[in-house]
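To start, the structure under review is shown below, and the notes come after it.
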Amino acid sequence: MSFLKYNFQSDYCELAHPSVLEAFAAAQSTQFEGYGLDEFSARAATFVRELIKMPNADIHFIAGGTHANLVVISSVLRPHEAVIAPKTGHIFVHETGAIEATGHKICTANSKNGKLKPADVEAIITEHCDEHMVKPKLVYISLSTECGGIYSKSELTDLSVFCRKNGLYLYIDGARLGAAVNSPACDLTYGDIAALTDAFYIGGTKNGAMFGEAIVICNDKFKEDFRFLIKQRGAMLAKGAATGIQFEALFKNGLYDKLATHSVNMALKLADGIKNAGFDFLYPPETNLFVPVLPKKLVAQLRESYVFHDWEDMGDKMAVRLVTSWATPEHVVDQFIADLSIKE
Amino acid sequence: MSFLKYNFQSDYCELAHPSVLEAFAAAQSTQFEGYGLDEFSARAATFVRELIKMPNADIHFIAGGTHANLVVISSVLRPHEAVIAPKTGHIFVHETGAIEATGHKICTANSKNGKLKPADVEAIITEHCDEHMVKPKLVYISLSTECGGIYSKSELTDLSVFCRKNGLYLYIDGARLGAAVNSPACDLTYGDIAALTDAFYIGGTKNGAMFGEAIVICNDKFKEDFRFLIKQRGAMLAKGAATGIQFEALFKNGLYDKLATHSVNMALKLADGIKNAGFDFLYPPETNLFVPVLPKKLVAQLRESYVFHDWEDMGDKMAVRLVTSWATPEHVVDQFIADLSIKE
Amino acid sequence: MSFLKYNFQSDYCELAHPSVLEAFAAAQSTQFEGYGLDEFSARAATFVRELIKMPNADIHFIAGGTHANLVVISSVLRPHEAVIAPKTGHIFVHETGAIEATGHKICTANSKNGKLKPADVEAIITEHCDEHMVKPKLVYISLSTECGGIYSKSELTDLSVFCRKNGLYLYIDGARLGAAVNSPACDLTYGDIAALTDAFYIGGTKNGAMFGEAIVICNDKFKEDFRFLIKQRGAMLAKGAATGIQFEALFKNGLYDKLATHSVNMALKLADGIKNAGFDFLYPPETNLFVPVLPKKLVAQLRESYVFHDWEDMGDKMAVRLVTSWATPEHVVDQFIADLSIKE
Amino acid sequence: MSFLKYNFQSDYCELAHPSVLEAFAAAQSTQFEGYGLDEFSARAATFVRELIKMPNADIHFIAGGTHANLVVISSVLRPHEAVIAPKTGHIFVHETGAIEATGHKICTANSKNGKLKPADVEAIITEHCDEHMVKPKLVYISLSTECGGIYSKSELTDLSVFCRKNGLYLYIDGARLGAAVNSPACDLTYGDIAALTDAFYIGGTKNGAMFGEAIVICNDKFKEDFRFLIKQRGAMLAKGAATGIQFEALFKNGLYDKLATHSVNMALKLADGIKNAGFDFLYPPETNLFVPVLPKKLVAQLRESYVFHDWEDMGDKMAVRLVTSWATPEHVVDQFIADLSIKE
């Protein structure tokens, strides 16, 4: 890995795990069916179904997360139905109005650590009481959240029970699902997630793939004609095999979880170092994205060697976002920790 | 290349040219900026600008053709503005209403060989005379067409002049632009195409890339905020570098044209063999997709060894679609020709 | 009725039947609930339910026909689902892409007299065979058609049976439903129409109302949340009472049918006069809109006294569209007939 | 006016001013052009242009406010462009996602009394800094606001200057513009409003009309093809004359302002009585809608004779919304004031 300054901005800064490129090379000599109807995708789907312990789930591979979100959400809502999301939700903040462009409003709730509780959702559905307002129908959450928060099994169960009781769909944006599930703070399995939601996606782009997300459809109502929606939104790659090949490589020997575990371990080691150096965090570090609060002078000094995003200006301190990946070298983490003392 | 039956269904049945995979491998050790702001994409864009001889063109790489079409078209039309396309146009027939899903009607014209003439367009704009009808604003054509047709420089110039005179945009779906430009039947250069249109895309998926199309924006009016539209429609890959790497590999040493030339050569050799065997064509073979008309008995016999699409049932004969690719081995073409005699 | 030239362009050229204005005056002294939840609308809905002999139908009054079409159609289709309509269908030709603006493609069939037969529909659903194409889901027809055609009970039954067998919805644009049902050529009752369709609207604007169409929802699946859709598309008038008042006036004493009968009678008398004068028709005259074919010289002469639309240029003849209304005076019809001889 | 309980819920509870009905009666005997191209609408437009002192403004009459908002806003925004509105804005709260259904996000700002200041808008455009977020492009405000607030000339000028400096459009929802302009608290003229905005509408429905809003387009950029948009969204009534007739009646002799003045006077008299009875208001009463804060016991007692909406539960008190209209009888206001003492 060559770099002038190591980049902790995100987990999409490296191309792909070597096993993915090897799988491409191995597939090179084969002709395949187009549009995701190839054997690689079929095998990858089987691996996903085993992982989530839901043999009748529908699995679709598409290229990116914003696309996955808009295809799934717009496929199941009637025109007047709306999404409930936390204010920090990626679809509300950082997808250029992709959901609204499909015609649907997003109703937002304040949240702690980016997580929604049943009471947050209840407040919104109570407020939306008649036909002069949209009808909230689908709850969108991210796991891990955009703030690095993780739902416990009990929290996700509560939310799921509430949604089912109130006729709401529950959908998880799993761009960083691997790191979430493999965090020591997480007691959820992939199977739990499948059992508690109507649909979600398992992010490949941020965990070893060159691109690709595995959409998992658990609710039968979401399944009908889903490939029409994929095609209509421009999400059906002619060489869909290219995503199938990647997910087969990631899932066939547990590589996906190994990469996620490395990513989380690097983050927690880094967070530990930061804590030991006497600094605090905006939210408790739980996964491969976390937000330490550092003196601005130290931030400026670290920027000479590392790249990362500001999160929130707090006067003489700055909350910054650090993200590790499957590729983050441990020696870089060690060096970052060593660099935490302010030079005079 | 391993296969039981050789697949002539389309030019997207092989993963990617080896040079593309090598370029991935070479990029493996680098961290890069996200969302297409990386150096690979920047260099690839420079190669494209040189190819089209338009230094101020905007170049954007996205994953697939349907996506390119819907992003470009919906970015420039007001809600009441419509597209004019030939009846065989891919956006009208085979994109699951992707354009209509962005709110715009497609007005269709009958056409010969999939090509539009100024008179075809004129008939439509004359018919659309008041505010009770949509306002046609963008002319969509494919090059080569879905029937394997190629516009001559004179034809494209006429259409372009007509469009500009009538306040219409001209956009080319270039999924198979490489094969078109490298066909002996084509007197258009990439530069001509750029000079005569408002926007077009140069297809990578069907000419050596694993995925990816290079959108070329020639008209300044189309340029503003284009990245917002890419993002909103879910077309901005976090690892946009993955497309940049591929197009750099394809364009830096003329590989793109070499692959297209091979593809066309294989098709024309195959067409020649078919002609010599005494069979005719629905349209004159000009590029890597063509439509011979064969006795049904022969078609059935060929299907034992080859995979291809039916095009039109003509009683005791069948028009079938044959497509070659950058990867089509010449010996397969030779064998196909040898297999053209009906066994009793 | 004051006019320089009598206008046969359409049946929306007079404000409203006097009974409608009287009903407004009578309602003047009452406060009412907003948004269609008033007692006038409730009573009018009851009259409509009696008329159609469907006690559990949902009735919604909205201001105009294009609006009715787009609200109903967009309320029941998923994004990839499409409409089947005859090529002459109002939604395809004269509503400025209103349906496409809600995201849905219209697949068209050639038709005779503007009518669709099961075979026309079948051809379209057979052609749309996979996820690369839209999925036709709702059949739109007009009664009477834009060419003045009327479905017989047997024809509508065949179409309805075909639709139900194939999972297609059947919707009727009834802008001129009153004139159709009251035509001697029509053996359909309002009850038949309700029984054979999923939804339709009974046009008020073109039959005595100042504005307003009564949407009738027969299929339970269409009923849920329909008022949300009305509101979202801007179709819920604050003073919904204004439509309820009109439809109560039109339906409480059979006024609606009386007006339609007059309109049809005037048309058929006029058509008879034209026939007796030796002229032919593009389609057999059946309702209040018909299309005689007249020598251009006569057309020019008639234009000195009457206003009407050209329909189709046929060389030395012109097919013209004549439309009568509830307000057409018989003496004008007589005069028109008297004016049919070409002056030298 | 007959009623059991007088209704202060809104200003759309009475059908229409007698002059409007008289104008309908007078127009009864005339044939007119369809789709708003009639002479009534032309004359009414001239009256509006005079009122706003902008001879080249485009005037379009449509049936309702939600419809006016969605037609105007969707006509000028590109897909990624968004609306800025106060959190209390009607389009955000009470139009069932009508704007989002046309594809556009609404970015909201907290506001006092429902009004936006340049700083509120600035905060939003500063936050929306790149292509991962929508691009705010049109500022939506209401005059009077949904809380009964009125912009001063200085406030509206500041906002307008800020918008123009920052490339933002300024649009006013004028459902209650008459009452606003005729409030003693308002120093804005119709001409000021036209000069300071890109477009707005003058509400008829809530000030004497049976239905109808006059859209005023000041900015040339908004004018092109506007009738296409009206038609496409279902807002073009076949008998557009019905709105023209009403607006001619309202504007030709200053009736519109007289009605609004009465409405405001009744509100301010009522508010004065409430104040004198010792009660306070959530916002200073300025126009025909205001929000007194009353003891719940008194609210319950008043509900025996009057109908009105709750606004906010404040523990032992309730903020309630009272709205007067052009038709509110002064003796009802007097009686309401007399009823303000709590009976033991």
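Per-chain numbering from 1; labels A, B, C and D assigned in written order.
In this text, a residue touches a chain if its C-beta (ideal position, glycine included) is under 8 Å from a C-beta of that chain, and two chains touch if they have at least 3 such contacts.
Here the structure is a predicted model, which means the values were calculated and not measured.
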{"item": "Neighbouring chains shared between chain C and chain D, ordered by label", "value": "A, B"}
{"item": "Chain whose mean Cα position lies farthest from chain B", "value": "D"}
{"item": "Cα-centroid distance, chain B relative to chain C, in whole angstrom", "value": "43"}
{"item": "Inter-centroid spacing, chain C versus chain A (mean Cα positions, whole Å)", "value": "51"}
{"item": "Per-residue multi-chain contacts in chain A, two or more chains", "value": "79-80, 95-97, 101-103, 131-132, 134, 228, 231-232, 236"}
{"item": "Chain A residues touching chain D - in the complex, by the definition given at the top", "value": "79-80, 82, 93-97, 100-105, 131-134"}
{"item": "Of all residues in chain B, those that touch chain A in their complex", "value": "1-3, 6-7, 9-10, 12-16, 18, 21, 24-25, 27-34, 63-71, 95-98, 101, 205-206, 210-211, 228, 231-239, 241-242, 245"}
{"item": "Residue ranges of chain D touching chain B (in the complex, touch as defined)", "value": "35, 74-75, 78-80, 102-103, 131-132, 134-135, 225, 227-232, 236"}
